[in-house]
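Note that the chains are named A, B, C, D, E, F, G and H in the order they appear, and that numbering of residues resets to 1 at the start of each chain.
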Amino acid sequence: MPAKGYVEISIETCKGCNLCVLHCPTDCLALNTSDTNTFGLHYAYLVDEDKCIACLNCSVICPDAAIKVFKKVA
Amino acid sequence: MLLEMIFAGFGGQGVLSMGTLLAYAAMKEGKEVSWMPSYGPEMRGGTANCMVNISDQPISSPIVSRYDVGVVLNLPSLKKFESRMKNGGIFIWECTNIKQPPTRSDIQVFALPAVEKANHELNNVKVMNMIVLGALIKINGIVKKESLLVALSETLPERHHHLIPLNKQALELGESLV
Amino acid sequence: MREGYELIYERPGPLLSTRMSFCPGCFHSTVHKILMELVQEMDIQDKIVGVCPVGCSVFSYNYLDIDMQEAAHGRAAAVSTGIKRMLPDRIVFSYQGDGDLAAIGLAETLHACNRGENFTFIFINNGIYGMTGGQMAPTTLEGQKTSTSPYGRDPSTTGMPLKMAEMVSQFDRVAYVERVSCDTPAHTRKTKKALKNAFEYQILGLGTTFIEVASNCPAGWKCTPEESLDWVKEKMLPYFPLGVFKKPERS
Amino acid sequence: MGEAKLMKGNEALAEAAIRAGLQGYFGYPITPQSEVIEYLAREEPKHDYVFIQVESEVAAINMVYGAAGAGARVMTTTSSPGFSLMQEGISYLACGELPCVLVNVVRGGPGLGTVQPGQGDYFQAVKGGGHGDYNLIVLGPNSVQEMVDFTVLAFKLADKYLTPVMLLTDGAIGQMMEKVVLPSRMEYRPDKPWATTGKTPDRERNILTTLFIEPEEMEKRNLMLQKKYTNIKDNEVRFEEYRTDDAEIIITAFGLCSRIAKKTIDMGRDAGIKLGLFRPITLWPFPYDQLENMASRDHVKFFISLEMNAGQMVEDVKLAVCGKKPVHFYGRMGGIIPTPDEVYEKIKQHRDEGGLE
Amino acid sequence: MGEAKLMKGNEALAEAAIRAGLQGYFGYPITPQSEVIEYLAREEPKHDYVFIQVESEVAAINMVYGAAGAGARVMTTTSSPGFSLMQEGISYLACGELPCVLVNVVRGGPGLGTVQPGQGDYFQAVKGGGHGDYNLIVLGPNSVQEMVDFTVLAFKLADKYLTPVMLLTDGAIGQMMEKVVLPSRMEYRPDKPWATTGKTPDRERNILTTLFIEPEEMEKRNLMLQKKYTNIKDNEVRFEEYRTDDAEIIITAFGLCSRIAKKTIDMGRDAGIKLGLFRPITLWPFPYDQLENMASRDHVKFFISLEMNAGQMVEDVKLAVCGKKPVHFYGRMGGIIPTPDEVYEKIKQHRDEGGLE
Amino acid sequence: MREGYELIYERPGPLLSTRMSFCPGCFHSTVHKILMELVQEMDIQDKIVGVCPVGCSVFSYNYLDIDMQEAAHGRAAAVSTGIKRMLPDRIVFSYQGDGDLAAIGLAETLHACNRGENFTFIFINNGIYGMTGGQMAPTTLEGQKTSTSPYGRDPSTTGMPLKMAEMVSQFDRVAYVERVSCDTPAHTRKTKKALKNAFEYQILGLGTTFIEVASNCPAGWKCTPEESLDWVKEKMLPYFPLGVFKKPERS
Amino acid sequence: MLLEMIFAGFGGQGVLSMGTLLAYAAMKEGKEVSWMPSYGPEMRGGTANCMVNISDQPISSPIVSRYDVGVVLNLPSLKKFESRMKNGGIFIWECTNIKQPPTRSDIQVFALPAVEKANHELNNVKVMNMIVLGALIKINGIVKKESLLVALSETLPERHHHLIPLNKQALELGESLV
Amino acid sequence: MPAKGYVEISIETCKGCNLCVLHCPTDCLALNTSDTNTFGLHYAYLVDEDKCIACLNCSVICPDAAIKVFKKVA
């Protein structure tokens, strides 16, 4: 069955602080260590598409408001 | 002889220490030197740079706007300083990080994959700046490698002296790249 | 947006798209974000006036789509007093770091609190002077190393870290004091609630409201954002406990 | 025109500020200025201005910053040591282009000094006691009536040029009573679209800052300020001449000293010595050109600057005269007010020495 | 003479202070000065000076007052806004005749401004930013070596004349590294019988005050100060000339600008334009007489003052030249450092206009 | 002296014969007298250095035969810090009024206390600005009339009177805090004891010592000395209770 | 016509209000006036004084060092100001408080037992200064008594107007004494 | 029998604040209302020679240290 939710992370806004990754209850986020944005920073992305439960933890902790969260409509 | 140089990149790429080492080495060789860093809060996260002047006579102005030598380790710096190079100036750019090459044809351009080399051949990206330095002195011989090594041992705190051999390797690797 | 999904969170409108100059993982960013979420949710953009200090948040006005004044170092409380007294029906906040509010600005801070000036202090306590490159602050912890306490803060010559939330709670006309943090989603949610309360009490004219944020400074502390969270939890919160120190008797 | 009252300079200034539409006053007691704050404390209930006795002059000047930025008509008053404490804030106000009125009822310095009148803060007022390139419009009243008139004028100029305007007065003028005619309520109220009153949908957000981290930006602000200052120099220079038409000796003096000078001049004229007064009223902008013209007149033999300090305005006099005629100086310090007699003696002395330095 | 080191201006200054026998340092962080306080924090354990990071510049200057009054060799350092906050305290220090060293690593103002280098605090430094008639000895270093030499000199002069001595430097000189030779430890230590160290039976009590409530007393103190200042003017004027023997155009510049000027002069000379430099080293006392002599030389056609401000020292240049030759000004603001090229262009322009204003 | 009698009290030697300029009945005089009694009894004339503020006591050095510095208004604590840090083996005291210590000088006062600067504060709290002619002070009582609170101090705009002794007691490195008065012989004797304790603790290097004197100002209060005593008893002491707020654990 | 006057005594003897009333009355009569008090902490306890100038032309200098009229109510003031009187000046001294009479012979000296008269004839020492004022205007008629009464009623707060008759008495008593 | 003690009050130092008078347990002090010192102030003096008990209250409360106290030697 499809994920409860998903997130979109702005590559250029993200500063790669990793706080979202740390606080995702379902470990579906990660830093992209192989690529950097124009500021030379690794950015976070959704690694595991189906695990997101739209709990908003990442968007709450994200200092730079780089994350959009979407929730499955019941 | 007066050489006016700029070293620029992201904070943390070691551009300031590059400049310092070079200035120190030159001083050891009896030259007059000046080293002027960018400073202030805008540095945070952003890019850092330092201007280094080396000369036989006392240096009148430590701040210069056009350069004989430019070393850039990120794109913003390349964009900012390419245009400020004097004709025929030496312009070294790090081509692992930077994807857009310089465009001027009236300067001597050297592309250096220092990051990649540092990662793969010395597996320590930190010494990337020493590779660049090695290349630079090979190109224009401002100072002797020996002077740089002296500079290293005199400026590096004791507890880091074990790193000197690695830095020496990096210098030589740099020399070999041009 | 994908089929069958709805957007439940996005960057708040009043937070301008300009990239915030704060370092990765810095709570300054978090608080800025929260503030603008509240401006949006409480619909107070036309009523709020902010004062930013000299400190890393000196640049706040570049990111917040509200009217703002930039105050001299330490004088944000005096500036906020000037604004609020002239515009009593506006919501005024004074956003200050620890050097700004507790060192050079201590007199202005405490006298504003004693007079019960009816604005909201947002006090970012990161225990260091971030903007100027990591010098000791009045809130630097005992033994903490900074560029001006290179061997660790020594209370025998520099005193103990100032507990501002506790200190301002004593003034009769201070209405609401809470210390919060942004080291976890839960704490961050509480921070938002606290700021909301503060603005609401201010609107009711109850007196001074004071929110201290136990904050971080990865750059100044010379650590990763992740490590900075541990420092906050293990070192800061024990000395700077979170919680409500004072609140208005509900009427 | 109201009828004449007998008032103290400090109280007249305070009343004038109220009539000029004062909205916010932030002050701290200090002799010989305290009557201003006391008067405004007494009158507050009758009017709608905000009055705060602040914790310090540093707080005062920064409250002025906030209140002026909020669009209000505001003032602070103090005396020498307190004015020194305000220097950082004043530099911010000037850079931030915030209209306000600042009053220094000068006493004898330096240090804690004496509470008696002085003019030793001239340099601080006109050359910028704070950091960076800025100027204040500086008015030098010499009577209780001018305390009133210049206060009203100060609020006007502040709003017109978006700049702090200063009254440089002294303890004698602040303390003494004279006949004064008070103005009716001032109507002039330009709107202030730049004020931080809350961002409404119909406009961009308003930001008041003096931080320009990029040198290019900072220089822009500097050039903008300098442009404004040129404009003020071109339009707001004020000065007074007394019996100068045929004067051979010109006394330059401002404030209280200009009154001593007048008395001296009358004494001299009675004795057949052709004395005249050139009195700068705007100490900044200083009437350089007008004074230079004066120096070019043939009948003028030399200048003597009369001040209650060690010789400050005399530098501006010299800059204006620029070597065309000798410029002498006579001053007293420490709160001592020179008497017409001693000034007269001094002048005769210079005259007998052929007026040459 | 020790061997050469490569050091930052700020750190070299701090080290020099230690070698000059620093006993007390009271400072507050501010860019571009913070390296001084950080250096002294690091070195403290190795030496016997007292180091306090204070709560504010106001506290700093008043701790300097107390410590200097206790007979210690003390210093504080800051940058523009912080120096403005010290103005009241500085007026007290000067009036109280307390020897100490004050450093302003100037940034671009006014207001919060920029952290980049500036010279906009010249007036504040030399005309007295605080209230009342006083002066500081003001030294303007233009290199890291001079940061060291003038720091040592400053402590000497402070003790010799019982006066605060100031270094007016800037962010560039503070931040840059150059070759520098450090002095050996300074021995000069006059005893200070006036210091408040506890009244022993063998002497009267020592009182350090700046309050002289009786005008006669206050004027006495003023006259005593003025006498001292005259003495300093007679003995401590310092300046530098560069290629002036046959110069037709004299650039006047201090600090960093004097280096830009030298480069400009060499450019000009290569192109056959006879340029020269007159560089005041003591900004107070200002070398008026020496500059006047220069103006009297036939080969000198005009002056141009090069500054990183809107035109401040140029007033002192004009006072010295006193109309004998035209005096022009060229400056940049906001932390922008003028380039030799633009200065050179400007000079040629004036020259082509016949060097007339 | 009469036959068969001995002298048991006379003006202490270190109190110069110069007539003190304080108004009749002013406690400033009383405290000056006590101080010099202690200087004599403790034999510390050669060790003590005093700092007087800007306030009525600006003239102290005219009356006390000890080394003294006159500080800028509000900065006596900073000046004392400078002296004591340079001369750690001397006894330093900072004599300040309420405007000086609690208004303009609040930051310097509290930071000195927090650092535990090892000198003695002598805080003359008369609830008014005496020197400048009777304006409101931070310690002016609620409803009290002064020349700048002509209708009585209104806490809703000016806050409540600051309780400095209580405030400084919170700092770890403040060793000894007592509030005393001179309204009766008994209280005056206690004042002397308190000052003696303070100096003794300072000599032992225990940290900051702070003596607040609930004082009077007949001139500023516009009453007779006698009436001023009643005001102290009936109005001041209830709000500013006398007593020891903090003292070192005896070792 | 320019009259330069000094009024001096202990604080509380009402010297400042004497000067104020006189200046106010003169203003009412269309004259130019200036009133300059001594001020500052040194006043505390000590002596107070004010300089009053009355003239037909604008007054150039409010501060003067030599006087046409001097009124002194205590010894320190007598000592301080007798010497500063202009030749032929009017010098009034209160002879209940002051035991040492003035010594100059080139000035017009008037001894006035104002304190005693106030105590015994009006049993209110406070109006002592009005007695002196009455004497003064009788002596040189600077202003009319009526003007002084107007001044009183216009400067005295309403709640003290019941004192006007007493003050009038005092003025007249003063006139009768010279 | 003679008094336990007596006091001497310096007329010129006394400011007539009356505090000693108020706090003398035996009421042996008073202000001289008929005379003033050179500062125009009434001064305190010992009215009742034989009541003084040398308790020092007056000298303790006297702000201006105008009082000397003498005690009968036992």
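The rule is simple: a contact is a pair of C-beta atoms (placed from the backbone, for glycine too) under 8 Å apart; a residue touches a chain by one contact, two chains touch by 3 or more.
These numbers were taken from a predicted model, which means no experiment stands behind them.
Chemist: Hey, how far apart are chain E and chain F in touch steps, shortest way?
Modeler: The least step count works out to 1.
Chemist: Could you quickly compare B-E and G-H and let me know which has more C-beta contacts?
Modeler: B-E
Chemist: Go ahead and note the Å separation of the Cα centroids belonging to chain A and chain E.
Modeler: That gives a centre separation of 55 Å.
Chemist: Using mean CA coordinates as chain centres, what's the chain D-chain F distance in Å?
Modeler: Computed from C-alpha means, the inter-chain centre distance equals 39 Å.
Chemist: As a quick test, compute the distance in whole Å between the mean CA positions of chain A and chain C.
Modeler: 26
Chemist: Two or more other chains touching the same residue: where does that happen in chain B?
Modeler: 40-42, 45 - these are the residues of chain B that touch more than one other chain.
Chemist: Could you list which residues of chain E touch at least two other chains?
Modeler: Each of 31, 52, 55-56, 58, 81, 88, 92, 112, 114-116, 209-211, 213-214 in chain E touches at least two other chains.
Chemist: Of all residues in chain A, which are in touch with two or more distinct other chains?
Modeler: Correct list: 15, 39.
Chemist: Would you tell me which residues of chain F are touching chain C in their complex?
Modeler: Residue positions touching the partner: 103-107, 110-111, 114-116, 138, 155-160, 162, 166-167, 170-173.
Chemist: Would you mind writing out the residues of chain F in touch with chain D in their complex?
Modeler: Against chain D, chain F makes touches at 54, 58, 70, 72-74, 99, 103-104, 106, 129, 131-133, 135-136, 138, 147-151, 157-158.
Chemist: What part of chain D is in contact with chain E in the complex they form?
Modeler: Touch residues, chain D against chain E: 58, 80-85, 87-88, 91-92, 94-96, 106, 108-116, 118, 120-121, 123-124, 127-134, 209-223, 225-226, 309-310, 312, 315, 318-319, 322-324, 332-336.
Chemist: Sort out for me which residues of chain B touch chain A in the complex.
Modeler: Touch list, chain B to chain A: 10, 45, 74-75, 97.
Chemist: Which residues of chain F touch chain E once you look at their complex with the stated criterion?
Modeler: Within the complex, chain F contacts chain E at residues 45-49, 51, 54, 58-59, 61, 64-72, 75, 78-83, 85-87, 90, 107-108, 111, 115.
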